[in-house]
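Lettered A, B, C and D in written order, each chain numbered from 1.
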Amino acid sequence: MRKGVIRPGHIQLRVMDMEEALKHYRDLIGLIEVNRDDKGRVYLKGWTEVDKYSLVLVESDTPGLDFIGFKVLNDDVLNGLKNDLIEYGCEVSEFPAGELDSCGRRVSFVAPSGHTFELFADKEQTGKWGLADINPDPWPLNLTGMKAERFDHCLLMGPNVPATQALFEQVLGFGLSEQVVAPDNTVVAAFMSCSLKAHDIAFVDCPDPGKLHHVSFLLETWQDLLKAADLLTMTETTKDVGPTRHGLTSGQTIYFFDPSGNRNEVFCGGDYYYPDHPPVTWKAEDLGKAIFYHELYIHPTYLEVLT
Amino acid sequence: MRKGVIRPGHIQLRVMDMEEALKHYRDLIGLIEVNRDDKGRVYLKGWTEVDKYSLVLVESDTPGLDFIGFKVLNDDVLNGLKNDLIEYGCEVSEFPAGELDSCGRRVSFVAPSGHTFELFADKEQTGKWGLADINPDPWPLNLTGMKAERFDHCLLMGPNVPATQALFEQVLGFGLSEQVVAPDNTVVAAFMSCSLKAHDIAFVDCPDPGKLHHVSFLLETWQDLLKAADLLTMTETTKDVGPTRHGLTSGQTIYFFDPSGNRNEVFCGGDYYYPDHPPVTWKAEDLGKAIFYHELYIHPTYLEVLT
Amino acid sequence: MRKGVIRPGHIQLRVMDMEEALKHYRDLIGLIEVNRDDKGRVYLKGWTEVDKYSLVLVESDTPGLDFIGFKVLNDDVLNGLKNDLIEYGCEVSEFPAGELDSCGRRVSFVAPSGHTFELFADKEQTGKWGLADINPDPWPLNLTGMKAERFDHCLLMGPNVPATQALFEQVLGFGLSEQVVAPDNTVVAAFMSCSLKAHDIAFVDCPDPGKLHHVSFLLETWQDLLKAADLLTMTETTKDVGPTRHGLTSGQTIYFFDPSGNRNEVFCGGDYYYPDHPPVTWKAEDLGKAIFYHELYIHPTYLEVLT
Amino acid sequence: MRKGVIRPGHIQLRVMDMEEALKHYRDLIGLIEVNRDDKGRVYLKGWTEVDKYSLVLVESDTPGLDFIGFKVLNDDVLNGLKNDLIEYGCEVSEFPAGELDSCGRRVSFVAPSGHTFELFADKEQTGKWGLADINPDPWPLNLTGMKAERFDHCLLMGPNVPATQALFEQVLGFGLSEQVVAPDNTVVAAFMSCSLKAHDIAFVDCPDPGKLHHVSFLLETWQDLLKAADLLTMTETTKDVGPTRHGLTSGQTIYFFDPSGNRNEVFCGGDYYYPDHPPVTWKAEDLGKAIFYHELYIHPTYLEVLT
């Protein structure tokens, strides 16, 4: 949080059938539906999240990512970062307060990777879902499905990973927690953190700009991942890979797809990051081990199926 | 990390018999012994820690805490915070680089609670113990005992909790993650964070200044806590409470004592904190539930046995 | 199963308020309510049980145990064991088929400990709850509370433990899996198995005949015990001890009370038993460690509160 | 245990390099080496096993299974079963006491599937490894690798599954716990139990007689399976599939190969079986789900690589 960016605060995702998407994100993954707006967007959150929502679903003809928003400390930080982005050469635009439900004004920019990001300083805080403000229990009753705790991070694919990494480091104050380095020393994957988390955002090199590889939700334990994998089979949801462990971050993971083809991850565990830590380095020629530590190879679809 | 304070970097603890203490902290808790200095101090760390060490044991006639050191981002931050501490009215002194093994200069001050803290910007980084720099495995072989991952936090007892809280908030940039509030609205316990952790330091009100309630080490899972409790019985180590869950932070915990009577905690899980989160509040009249969520009461010794 | 006794098949328990009892056994422990009969008895089961039910609740002015029924292989075994019991000197009576819902005739006898047992060869099998007969999923959706898997065993207190043990060994073919032995070599606690389980029934010495110490339900993991302990606090259910580990059997456990004061256990893990295994022996002078391996002592109420 | 057969007591396995095999079974899987004999055979056991050993490794030019031995209750049972096997039409031979270390005489026969089995009534019992006879701790220190608890079962492939199943049911008193049934109602896989375990032995149809599909060792938890999978990568051991869940038995599993190409499984959890339970049925056309519940398909090698 060297520059006042706190966390990934929300993601707007395109889905092709809202009711099918809600069966998936709400009933299966276990996110809480908190609101719908007059544009037909549906707002959801993980139960541990204090903000009103973190996932915005919007119906569309194509799946994929509209934008990811990072929450910053306050309006002064927002103004400062807006100027810094402009000075750094980014095209910056702004959405007024209220365009997104219960959210203040948002400063939007496109990264060299082709992805749209935004910064905001205010969003209504409704508290952890289902828990009292005073003497709260450790978890709420009536959670469903995988009982996802929070929207955690995204892995994005696109060109210009080094330039994107530089923007996130220099302007937004992120650190490089882990990296995959090609034999010529190019960084082909950059895992970046603005917190203690092993990654708040990750970029992997590919020719097509603006691609979503996966959006990731945190579960509590490896035992919960087992039950999550069971639920994928019970609900005939298309699984991609897992349960397994990542080499990168050493987290435990399952990948699967929402009904529109957007890849999801549920994960738990893994390493932590401090801003004075040197990045953990993986060799691109060992990418199999880096991504799937138990399998040691990558299904071709894993790098090719993007939205 | 609003003011550049990264983490609790080390604690110097007084023990009455070094070899007994090493059987406890190294062989039982599973910390790694990394060095001894010419003053007879022994340096240890948890295997996930990148810094060379985090626990310094020193032989003495009495148990207890000498000081806790926080690592800051860099020397500029260190100089700035030194000035801020002086301006805030703290008595500040300084230790030269090298007084503590492989550590840069340290700026020392005493908090209103009577505890000695210090700030430092440099310490040798030797990397996670037993892991390669490139393509690291998720964990090293040859760990012993409880396989503690890191020194995580301390809970300290003393007077002037509100003043100490104010110092940590205003000068050092910590946030108040959780609090216990008396019926007259006095804060009698302040859990404070400079990171995503639910607490990097905690203060609880008591008349005697400078007291250590416990020093806490992170384990990976609730399953590891079960095995840790087993090890306490196998090694005839005096257990205090647990395995159980805290209300405060909702972490899972065991308390026990080192051979000199210093209270230790091993814990896992629990809540996370962001600087825009309002503090979680517990009522002092429900302190039993706040501390031991399953037991709902506090053994008198838990609040009385301090070092 | 040396004499054809398969398992503890049911227990009839007296409760003082049926609706309160159902909130406890059905909603909190997570047993499935399967039927009620014209005597007002309510029948329940754990979801993994193939038989129609295993717990029978009956309203009464006093809490406690009416009887425990063991299922035997077939009617020939039932007739043979009836004769063997009579020859051994037991007072034997019989209940006709249908007296207990969907259950065949039951041969009833009183053990020297003062507890009433019965044997039966037939009960309707309705299959695991919520699972298909063909290609079953690993677990059903819509379980509640602690999601107890099965009624597992009881611990009973009364006089004449050695005589009761002899009856179970010689007539019913049980084996002695674990024992607590007094300095004079008297067996003061006998854990007995007719299967691979560490105990299907246990007897502990006390002067009052026919007492129930606890009825025990199996959970899947130590993680489930954590959540079960959380639920006890959330529902303001009176906990006795745990989560902790037993020395005896090395299982993991929580004790608590139903609204009528009957002690329940939920547990997981622990040792297994084969009929050629010598009994595991604990010394009565180390009973604290034998029962509560982490605490090393026994709350007086644990041995005194019986129903 | 309807006919007095207690458990799979040992398996003799052919390995092509004993020192490599010991690195695998002892150091990686964590079995205890207990003896070597003058034929160069090495004897090992899981730490929870009371018998002196359960795995016998013998050096050979080809990998595979020599025989599996079942322990029976006593010598009378052994004599009775020998006669029953002869009457049933089996070719029976006998090995004298001592041919296998510390083991009594063994009655050997070949099943219609082409596998050699043997029965024995006596083997030295050395107790659980590393634990005291009185007041035993729940687990021993100094276990290595995966800390396998016991040799649990084998899955064997060969012709004549129905005839083999009939032999195990009618002569040896096993029950059919789970089955895979072809559209023409042929049983193509039979999971058989002489205990509460979901399987003590399993047979799957294939044209070649006497083939070993895998030998399986029990681990304690799903968390231990994660660490086991990590160890496979750390030791560059060839993994086949997992961590994942089986449909059949619903156990959790990892498959991998020993250095000679014999397939191993480590597993935990899963269903239990009583002799009055109807078999759980899976359709052969859903074999993917039956075997790998999360993957829903079977790698061709899984059914083809046999020893």
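Heads up, the rule we're going with is that a contact is a pair of C-beta atoms (placed from the backbone, for glycine too) under 8 Å apart; a residue touches a chain by one contact, two chains touch by 3 or more.
Chain-to-protein mapping (UniProt): A, B, C, D = Metapyrocatechase.
Quick caveat, the model's predicted, so the values are computed rather than measured.
Looking at A-C and B-C side by side, the one with more C-beta contacts is B-C. Mostly identical positions are employed by chain B and chain D in their mutual contact, as over half of the interface residue numbers are shared between these two copies. Rounded to whole angstrom units, the spacing between the C-alpha centres of chain B and chain C is 44. Mean C-alpha positions place chain A and chain C at a centre distance of 48 Å. For chain A, residues that reach two or more other chains under the stated contact definition are 138-139, 221-223, 230, 233, 245, 289, 293.
On chain D, the positions that touch chain C within their shared complex are 1-2, 6-7, 48, 50, 71, 73, 125, 127, 133-136, 138-139, 195-197, 220-222, 245, 247, 250, 269, 271-272, 274-278, 280-283, 286, 289-290, 293. Taken in their complex, chain C has these residues touching chain B: 222-223, 226, 229-230, 232-233, 239, 242-245, 252, 289, 293-296. Residues of chain D that touch chain B in their complex: 137-139, 141, 221, 223, 227, 230, 233-234.
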